[in-house]
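There are structures below to look over.
Two complexes follow with chain A in common, the first pairing it with chain B and the second with chain C.
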Partner chain A sequence: MICIESESLAKSFGKFKAVNNLSFSIEENKITGLVGRNGAGKTTLLKLLAGYLLPSSGEVRVFGQTPFNNLHVAANLIFIDDQLELPDNLNLGETLAAIGQFYANWRAELARGLLDYFSLQPQQYYANLSKGMKSSLKMIIGIAARCPLTIFDEPTVGMDVAVRKDFYRALLKDFMQYPRTIIFSSHLLSEIEELLDDLLLIKAGEKYLHLPLDELKGYAVGFTGQASIINKMITPEQILYQRQLGKDSIYLVARNTFNQEILQQARLQGVEISPVATDDLSIYLTAQHKGGIDNVFSRT
Partner chain B sequence: MSFHEPKLLAVCKKQYAYKLKTNLGIFFSLMIVQLLALLLSLNGSASMGAGSSSMVINLKLISGDIIIVFTLIWAFIIGNTVAGNACRLDFSFVSTRLTSNLASVCLLATAALVGGITATLSGVLLRLLVYWFQDVYTNNSLYLAPLTLLSGSYVTALYAFLLSVLGYFFGMLTQRNKALTIVIPVLFLGSLFIEARRAGEVQLLTTIFVFFVRETSMLLFSMKVVCAAALLFATVILFTNRMEVRR
Partner chain C sequence: MLLNPDSLKPIYMQIAEWLELEILRGSIASDEKIYSQYQLAEMFNINPATAAKGLSMLVEENLLYKKRGLGMFVAPQAKERIRTKRINESLQQLVLEVVAEAGRLHVPREELVRMIEMAEQSFAEGE
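Now for the complex of A and B:
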């Protein structure tokens, strides 16, 4: 069943188009990663899905309904982000109890267990928590609510590596027990890629890629070697990224449309062929300029 | 994945409980305001014979009861606060504009009721304090009949409710457009000045004021307040319905 459907969705703030002509659909009970550069429109897209914003044009449907100001969608969805406001006059135990009232599937024991594990005391107050601990608390709420659609917008801000890893694991474990649709936006693709079924990559408000993560891993290959040899076998349209290594050797990432023979030939000519890590690939795919930051310095 | 089919009223009830917990501060501020008013009233009663303080005379001219006036001012301000908090906190969890507004109005009604009762009871406390500390004051007006006490609480609660809904209305307007935080006070004060200069002509603010204050029938007064509040509230629901959540 389709959980989210978006049809040429657009949202502009003044003249700036944050989301532009975005069409995609997300199946239920899958974890989808939302990746894109700063300002690519990730948060705007998620807010449109959560029904916080009205589309400027196009259509978005969540559980088959328009999410904006919709009680059915609101009751089955939770949106966890940095700006999530929590009451400052209740302690953490009371806060979780109060929030639990809203959600039919709320797991109070799980929330308490996670709170304990991440050494948050129920007597503490939200305002006194550190940045990472605030994020932890919000993530706990997101997991324990068990909403049919759970949206995390960069939930790991301020968390240290150990806490992040624990959370990915907690999320995955709870997902196995109780499958639901999860959208997870993050800049740390390499960390979350084990979690994900699908990846939605957006660039300048538009959909760039939407594919299962397994396909992404074979999406591109990296070549290291003599520029003259590599450039002969690759058409300019295939090039995703290129970097000068030495005088005439380069590192080049290209879309993988090659058959084994060509790759074998290249190897024989001394070209090193390597897989491209998904987070590097996502950087190359969303880059505005092919040369990367080096280009800025070589020009000046 | 099992869907939860929400009922509007059930969600409102949960949200009301949540709002009551998160807005507990308004009752604390009520206590402070009434305590302050009580202290000021004590001072005012004591210095009235001297008639030296101009501020005291001013307040007496407006209403004759500082505690109730302070409570009404409090009601207007918390209306504003609740509107701000509604926009800030409500949409973290299950909510639509309608449930948020309905829960808010229930909260305001609760607050107004508490404000009305405590304001009247503070009046009793004031009498007691005066009785204890100033032996001159021993005439019949010290005594309040239970029915008077009850109707006093009721009327104060209604006024407080009306003002809190008005505060909520302006609070929501300013949430919609920040420029209104300046425009509304300017319009209000401006029309006050204009009406003061044109005595005897058609005066909007005075008419509205008289419409409520001159009403002698309890039933009619109740109806006027409820209708006015419903009108303000319906307007809020209408113009917030397409409002986006800022966060």
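Now for the complex of A and C:
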């Protein structure tokens, strides 16, 4: 079953196209990671899915319906981001109780248990929480709501690494008990990659890649060694990133279209072949310039 | 064991290899039930679909078999077949790389054999 479908979706703010010609579909009960650089259009896309924004053109359907101004979609979806406002005049216990009334699948005990685990007191007030604790509370709400479509936009801002890891595990465990469609936007791809089914990578408002995470691992390979040997194996279109090392050596990342024999031969000629960490790969794929920041300095 | 995020191998393959090691070490015998996709997801903190893919890889190689409603079990002779497969694939590959590196460093054959013997000794002591 398809949960989300978008067709030539676009959203402009004045002359700026935040989301441009985006077509994709997301299957039900999968965890999809949304990545892209700052300003790539991630949040705009998520707001279009949640029905907070009206598309400038194109179409988006959630549970088969247009999300904008749609009660069915709103009732079955939760959108967690750092702009989510929570009341100042209710304590955390009361806040959770109030929110729970809006969501059919709300798990009050789970919310309480997580609150306790993350050292939040029901008597505390939201306004007095630290940044990381505010994020924790929102993440608790996002998990306990058990919405058929759960959207997290940078939910871990301000959390320390131990808390983030606990949350990833909490999300995974609850997902196994109660599968649902989850979209998770994050800059920390390496931290969340093991949770994901699929990855959606956007660049300048457009879809750049949408693939199962397994395929991302083999998407590119890194070569370190003599430039003359490496360049013979690679066509310019395959190059994703390149850096000079020493006099005639390079480190080069290329789109992986190589079979085992070619890689083996390169290895035997002294070229070192290495996997490319997913974090680095997503940087290379979304970069505007192949040389990266070094380009700025080489011009002077 | 923790998964190696820097490996070129997708996570499901790392899971399949870990299961192979478990069978090879004898911790799960033939016709014994192997971990379910949810147990693996819990253990390694991974998406259950990824874990399922690792399991089905071993089913395709006939190292595991399914029993309807009961789960997956280790095939007879799985241990021996994994051993043969690993010799033909990973061990030969490693030997090839050792020989290539020895060639680049101009290490003569006798010296290389001597090094292997020494390695065997320290391995035996470590056991």
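The definition used in the following text is that the second predicted complex is superposed on the first by the 300 of 300 C-alpha atoms of A that agree within 3 Å, B and C clash if a C-alpha of one lies under 4 Å from a C-alpha of the other, contacts with A are read in each partner's own complex, and residues count from 1 in each chain.
Keep in mind that, in the parts below, a contact is a pair of C-beta atoms (placed from the backbone, for glycine too) under 8 Å apart; a residue touches a chain by one contact, two chains touch by 3 or more.
In this text the structure is predicted, and so the values were computed from the model without any measurement.
Superposition model on chain A: chain B and chain C are shown accommodated side by side without a clash. Of the two partner chains placed by the overlay, neither chain B nor chain C lies in contact with A:24. Judged by the touch definition given at the top, the superposed model places A:125 against neither chain B nor chain C. In the superposition on chain A, contact of A:69 is made with chain B only, not with chain C. In the superposed pair of complexes, A:208 makes contact with neither chain B nor chain C.
When the two complexes are overlaid on their common chain A, residue A:251 makes contact with neither chain B nor chain C.
Note on the composite model: angle chain B-chain A-chain C, taken at the C-alpha centres, equals 150°, rounded to the nearest 10. In the superposed three-chain model, the partner touching more residues of chain A is B, compared with the other of chain B and chain C.
When both complexes are overlaid on chain A, the residue A:277 reaches chain C alone and has no touch with chain B.
In the superposed model, A:84 makes contact with chain B only, not with chain C.
Superposition on chain A leaves chain B and chain C with their closest Cα atoms 16 Å from each other.
Once the two complexes are overlaid on chain A, none of the chain A residues touched by chain B in the first is touched by chain C in the second. Residue ranges on chain C touching chain A, taken from their complex, read 3, 5-12, 38, 41-42, 44-50, 53, 96-97, 100, 104.
Chain B contributes residues 1-6, 8, 11, 14, 17-18, 21-22, 24-25, 88-89, 91-99, 241-242, 244-245, 247 to its touches with chain A in the complex. The touching residues of chain A, when paired with chain B in their complex, are 28-29, 47, 51-54, 63, 69-72, 74-76, 78, 81, 83-87, 89-90, 94, 98-99, 101-105, 148, 179-181.
On chain A, the positions that touch chain C within their shared complex are 30-31, 168-169, 172-173, 176, 190, 193-197, 213-215, 217-218, 221, 264, 267-268, 270, 274-275, 277-278.
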